[in-house]
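Shown below is the structure under consideration.
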Amino acid sequence: MSEDDLVAFGETMLRLSPPGNERIESADEFEVRAGGAESNVAIAAQRLGLSATWLSKVPETPLGRRAVGELRKAGIETDVVWSHRGRQGTYYLERAGEPRGANVIYDRENTAVSTAKARELDLERIKSASVFFTTGITPALSSTLRDTTASLIKAAQTGGTTTAVDFNYRRKLWSPEEAKETMTHLFPGIDLLVIAARDARTVLGIEGDPRQLAHRLGSEYDLDTVVVTRGAEGAVGWHDGVVHEQPAYETDTVSKVGTGDAFTGAFIARRLDGDDVSTALEYAAATAALKRTIPGDIALVTEDEIEAVVREGGETLSR
Amino acid sequence: MSEDDLVAFGETMLRLSPPGNERIESADEFEVRAGGAESNVAIAAQRLGLSATWLSKVPETPLGRRAVGELRKAGIETDVVWSHRGRQGTYYLERAGEPRGANVIYDRENTAVSTAKARELDLERIKSASVFFTTGITPALSSTLRDTTASLIKAAQTGGTTTAVDFNYRRKLWSPEEAKETMTHLFPGIDLLVIAARDARTVLGIEGDPRQLAHRLGSEYDLDTVVVTRGAEGAVGWHDGVVHEQPAYETDTVSKVGTGDAFTGAFIARRLDGDDVSTALEYAAATAALKRTIPGDIALVTEDEIEAVVREGGETLSR
Amino acid sequence: MSEDDLVAFGETMLRLSPPGNERIESADEFEVRAGGAESNVAIAAQRLGLSATWLSKVPETPLGRRAVGELRKAGIETDVVWSHRGRQGTYYLERAGEPRGANVIYDRENTAVSTAKARELDLERIKSASVFFTTGITPALSSTLRDTTASLIKAAQTGGTTTAVDFNYRRKLWSPEEAKETMTHLFPGIDLLVIAARDARTVLGIEGDPRQLAHRLGSEYDLDTVVVTRGAEGAVGWHDGVVHEQPAYETDTVSKVGTGDAFTGAFIARRLDGDDVSTALEYAAATAALKRTIPGDIALVTEDEIEAVVREGGETLSR
Amino acid sequence: MSEDDLVAFGETMLRLSPPGNERIESADEFEVRAGGAESNVAIAAQRLGLSATWLSKVPETPLGRRAVGELRKAGIETDVVWSHRGRQGTYYLERAGEPRGANVIYDRENTAVSTAKARELDLERIKSASVFFTTGITPALSSTLRDTTASLIKAAQTGGTTTAVDFNYRRKLWSPEEAKETMTHLFPGIDLLVIAARDARTVLGIEGDPRQLAHRLGSEYDLDTVVVTRGAEGAVGWHDGVVHEQPAYETDTVSKVGTGDAFTGAFIARRLDGDDVSTALEYAAATAALKRTIPGDIALVTEDEIEAVVREGGETLSR
Amino acid sequence: MSEDDLVAFGETMLRLSPPGNERIESADEFEVRAGGAESNVAIAAQRLGLSATWLSKVPETPLGRRAVGELRKAGIETDVVWSHRGRQGTYYLERAGEPRGANVIYDRENTAVSTAKARELDLERIKSASVFFTTGITPALSSTLRDTTASLIKAAQTGGTTTAVDFNYRRKLWSPEEAKETMTHLFPGIDLLVIAARDARTVLGIEGDPRQLAHRLGSEYDLDTVVVTRGAEGAVGWHDGVVHEQPAYETDTVSKVGTGDAFTGAFIARRLDGDDVSTALEYAAATAALKRTIPGDIALVTEDEIEAVVREGGETLSR
Amino acid sequence: MSEDDLVAFGETMLRLSPPGNERIESADEFEVRAGGAESNVAIAAQRLGLSATWLSKVPETPLGRRAVGELRKAGIETDVVWSHRGRQGTYYLERAGEPRGANVIYDRENTAVSTAKARELDLERIKSASVFFTTGITPALSSTLRDTTASLIKAAQTGGTTTAVDFNYRRKLWSPEEAKETMTHLFPGIDLLVIAARDARTVLGIEGDPRQLAHRLGSEYDLDTVVVTRGAEGAVGWHDGVVHEQPAYETDTVSKVGTGDAFTGAFIARRLDGDDVSTALEYAAATAALKRTIPGDIALVTEDEIEAVVREGGETLSR
């Protein structure tokens, strides 16, 4: 078996959305796409040159195959337990500008992945990888997945695999209290934590500006690296006690969904490639900016495009 | 409150299907339509002149509103308990010719309607209607709905409302044994039973050709009227000990789904209008034939079109 | 018959528009939607909790059924005289940014509704409603409708029904002089007048800033309430000699068409609900803002969304 | 001015049709195409090598330009009086298999073309052409067009231009009696008459099988050439007292509309090219067969394709 | 490196086709799909359980990535030399019923793959696989590919890998004489030859009925196994001097393209699985039949579906 | 033969682009449009009232007919050598906002037009026209076209036809050095030169602000008129030693492609109509602004719309 640079574990949903800014209540068609934080990260990392594999449990149905196929098309490997029980998770996205704002309706209960046990998954693959990645969404999906997430992180540690987690608090899945308790139990096994400033404050109850948040998170939880994200205001990276600030690029945004995942995937890829935190943040911001010009959750970008953004902030019509 | 000619109770799902004969596993868009046996019947009946209302429990979400909106667009009234719990049922339809055959994937567990109790619904509306209609799908959806179905039929009887039920056995929902036990308990409260010959044989264990099936069902269960349907081979109606045969019309079929519902809705409408069984069967067959020329589950037909089929078997390009 | 909160009378057209910003002259498909000022207002009012019915005369054709079906789908009741004579009105909308600007091509001559006489319509429904609504478009469509509009307003007065009219001057339908003469004859029967500042100036010849316009209109024509609208600059409400100003919300505009109708429908609904003019204007502005994020003429909004805008100016991606 | 082989005069409508077999009453989009018997004929003739020009009067609107553009795209010249009055004719086509049958809803009253007077049109162009073509639809559209049609036929005669007319009776436009009176007045100026057997019987009251119909029409009205068409049963041509029969080719029909026009255009083209009636009928049948495989009203065929059908009845997948 | 069951080498094109039966000359959109005989075969084989990899040389452009992504989505591995020179091959498909017939326009000159040399490709992968597959299309694309094909077959032989070739004569690529000379030079290295009866006759000049063709080909060229295909009339398999006949299943055909590839892929998969020729032919015919119900070139089928066809000839609507 | 106001010579490509901002690598459909600098200019000029003809050599295939048909639909005449050799040029356009930027992938090698020799083309048509137009793209396509371009310019001079050339440097086609050498050899035959400031600097090596560039180009190369364009910053016109500046209009841009061509076409049309340089530049800027509101390469505008922009900078929703 080839050793992966990155193994990610989590749920990928089918995303159903009316065209343009149509409302679901009057829609006569839905666009179908796949998206999930962990596979989004894996794809972004693969686009920057990593070999990446997504682990999951998926129903053996056309809907499950549809989700997996799109990940493969995007370029990553998939290592999937095909299940005869459990649904394929879906979510409905209604796009809208202000003051309406986009709306997400989750329909992800009783999914196949929510029953995934560590013993069903290829732990050796995780142990032999360079990085294992998951998010705070995974343990929020079921108590089974809470255990599984902990076991996978433990397996990674056993194998000497770096562990990276995006905190990704979802208020439609659990309360801040539940999230805090579960996630802080996982922190001792985590090397790299990515977290939104908002989540650090409202879920973990940490105060301060983003630089302070990063520093306090890193110190308090004894993490190797912390990245605090602030959306359009950029991100802050903390490592070895040093804080780096990275502004966000201006973009003609087509779709915000997946921006953070593109950021995280690129950051991991460049770090694994040997970049320092500051350079990795720059590539992460460029990848995130490109993602925003692309419909769907997935960062279908190329290294050349990322390099061009880092170099010159993108270019105009090329012919 | 205006009195309805027909009140129907049941679930209406959103139907998601790839365009044309595309496979779900490679689909990039789904057509969105609404469909459910009971609302299909109500709409067909309304198209033939009845005032018809669909009772149900629906999630207070854009998906729920989407389903209800399509029924209202088609012309019927909707009297809905809006729920903050429970999903909107969906089903995925993959169209295909032979030898592949169309495939239906239900995603209808834990729906709002599956929790509907009789006391939430407008029983007075049922009692004051001329006909109450439901199908064998409803009690198959949950044990709550088993009780609710029985209660609604009882309410109808109390009010002197004629009760009509389409047996509609769905093997993806329950076993023949479960279906037989539940449905035969309901039979004493049913005036009109519509049943596929195949279901009469494999679920109820009744033998014979369709004429015999109709006769035996009517006699054994003391029903007022029995219609045994045979798809492309037509139908048989039994009433007062007399059997009437009705062949099916030839059609250029675009969509089979909903054919039986169109048939049943038209039969009920014409019977209520005073037609004898034989004439009602003729209109039912014509309505079913027109339905097959129309995409989706719903019989968007007009009385003029039905009359034209009965009169002359349809017409060619009219300009 | 149930008593309606709002009864609206007018024409609803089919709206045909090329996708995106395509030109009609090169279009290979048209989106089909329904829209008409009066039904738009009725739907907005229904969305805020009123029971609302649209009265009209519509051709008994698939085109007529198409228009009526969309109104029913949006949630209102329709009470329609089905006609065997007269066309279904259509309009072609070509969307475009500056400096081209959107273009509307009316094809609404010789329609069924243009022949509607008061005696064909359900005057009792108007008399028993709380509010009767129409616009200055209706009497512009034919001399028959000029008489009918006057009769309906008179019927409303007879029944003690509040009368509300949106002035809505359309220069492609009649001259300012014709409009002024007809509309000022109707004013004595009108309780609530909504009018664009521009129309007050160019059609009625009233001078001043919007506050002055509202005051002068209210005084001169002895109206109960006057709302003067100014598009992106907000609106002014006058009642009992007091003037209230309401700014417009900032929006990511997808479609301007129907903004004023959403405003008016919400204003009527909140007034009927007991809000003072100032609060009603706030909800009206919020509903108008939401409408601008939605394609088509119709404000497919929910009360929750309107409340959210009033409370916080909308929210961002919610998941 | 270059001399045309064929000049055709008539109305071209925009054709709006829901996709597939959808019903208009539930359609959310219409395909937009152009079609008119006379321009259809001109295009078919052009496809077989003639230079062809379509004369008409068209509104100076995007809708008018849309119609004309499609004719130009198909390859013919257009010589149009651009009008500031009068509508663009449209028709709505609802496709359907049996027993529903396709339905056409005309919306072609008060069009620009219905006001076209002979003096507005380029009579010299007609006089210098080889063939002038129109149909029985044109004089059915208005009394003005009745006169105009007569004048154009007269002009053609004056110029020594062959006159060809497709009888094309449309019952939604006029009664058989009106049609008979108008058309028989035109017959003395007509060289080539194409007529459906059904029209010959029900409008002109001529009896007999198609051979007899052709012979009687030719003799009674002193025509040079008569073609009697019978749809799927082929056609009969009469010239110089001799009758030729031509069967129709079997086809996988996608759209019947325009079949007859393709037939007529090809017949005229081949006759002008010097073919005898029998050969011209064969090419006409082949062109008609190809048309039926093509969506829309217009025969977008090539000479190579027609030759292939004549030679071998078409071919299978070519790669 | 994992050992593959099947390694295929060849070109995969982007296929551009107007929707439905539209003509290219009036098309405003093209559907985009990927297709190539060798990857089609690999996918069909993978669908029956083989691990399959497609080898090729592809331009490093969005078009190249588009083609490769679709193959990965369908489930196979891709092992691609990314090239900075050479085009991505495309073909335009115009679908049509009789008598028009579908038309393919190749635009596949100067492609990246046409420059692929054996030394660029992973010969070890071929040597360690169970089966190596290519078609007669590959050597027809360039003289470079003629050499490369010979080298790859030789490499396979060296590794003890079974070699399978579909003759697939394309008259738009080379003459019968060229094809015969090139292909018969390759025959000594081929174990399994699949060939259309028509190609055996017109290119190789062998006479007889399909049984005789299979026998003569097998004997004359000393092949291990020969399959002679006859489209709708089924196929004949020859092995060890014994001939097996297999009829084709009846189908509701949506797309013929790729039928033969589905057949060949399934045949190889079942043979490798240990089936005798007769059983393998049965599964091949079932897979081919299912393919015909699916749009595009690729057989997106499941083993369950294939089993169902073999068992019962498919099933009807399942719910 | 009628004399043309404008004859343009060059290549028109089919343009294939994914919908919206989709990436080519994940696209399942391409929009199909035609575009080429010379035909774009001819159409813009025709829209302002010129009679315009596009000369070219096009493959006798559905793809070639598709391209030509769209030009005819837009209103110009086409005078085409139909070729049995050579491809139809295509280009793939991937739209994107910043920082990604739109991307053009040319697939235009070995086209039919690249083999066009002067003797194949209608030189008399050029000689009798008022203006002959081509661009710097044409000689960049092949050495044959380099000669042909020179010959056509010479023919124009012989006939006393004004010659106009847009420099249009394309770095994906040739190097600055090649472009400079070829183009400066053509300059002595050119009356009107349109050139981007950027091209003047990087290809021709001329320094200075746009006013200086215009002046130096005009003087150095002895041109009659020079227009230096600067995109969003407007343009500068030089004639008779006098320089005129023209700012660009603000626009809601839908598509930039073709903006310069619309500008140039309008400038030529107004100059030919007798406008002075300054007025012609104003109309050119207005036409360019309108183009940017229209999808595709072609300026489907009307004179009324251009006049409105010149007069008032466009207008808002008109109904």
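A few remarks follow.
Chains here go by letter, A, B, C, D, E and F, matching the order in which they are written, and residues are numbered from 1 within each.
Simple rule for what comes next: contacts are C-beta pairs under 8 Å (C-beta built on N, C-alpha and C of every residue); 3 or more make two chains touch, one makes a residue touch a chain.
The structure displayed is predicted, hence computed values, not measured ones.
The fewest steps needed to get from chain C to chain E, moving only between touching chains, is 2.
Note on connectivity: the fewest steps through touching chains from chain C to chain F is 1.
Listed by label, the chains that touch chain A and also chain C are B, F.
By number of C-beta pairs in contact, B-E leads over the other of B-E and A-E.
Equivalent interface to C-F within the set A-C, A-B or A-E: A-C (over half of contact pairs identical by residue number).
Centre-to-centre spacing of chain D and chain F amounts to 39 Å, using the average Cα coordinate of each chain.
Rounded to whole angstrom units, the spacing between the C-alpha centres of chain A and chain F is 46. Centroid to centroid, with C-alpha atoms defining each point, chain A and chain D lie 62 Å apart.
Of all residues in chain A, those that touch two or more other chains are 23, 25-26, 28, 69, 73-74, 103. By the document's touch criterion, interfaces exist between A-B, A-C, A-E, A-F, B-C, B-D, B-E, C-D, C-F, D-E, D-F, E-F.
Here chain D touches chain E in the complex through residues 73-74, 249-254, 286, 289-290, 293-296, 300, 305, 308-309, 313-319, going by the rule given at the top.
Those residues of chain A whose C-beta lies close enough to touch chain E in the complex are 1-2, 69-70, 72-75. By the touch criterion stated above, chain A contacts chain B in their complex at residues 16, 23-33, 61-63, 65-66, 69, 87, 92, 94, 103, 105, 107, 109-110. For chain F in complex with chain A, the residues that touch the partner chain are 20-23, 25-26, 91, 96-104, 106, 170-172, 256-257.
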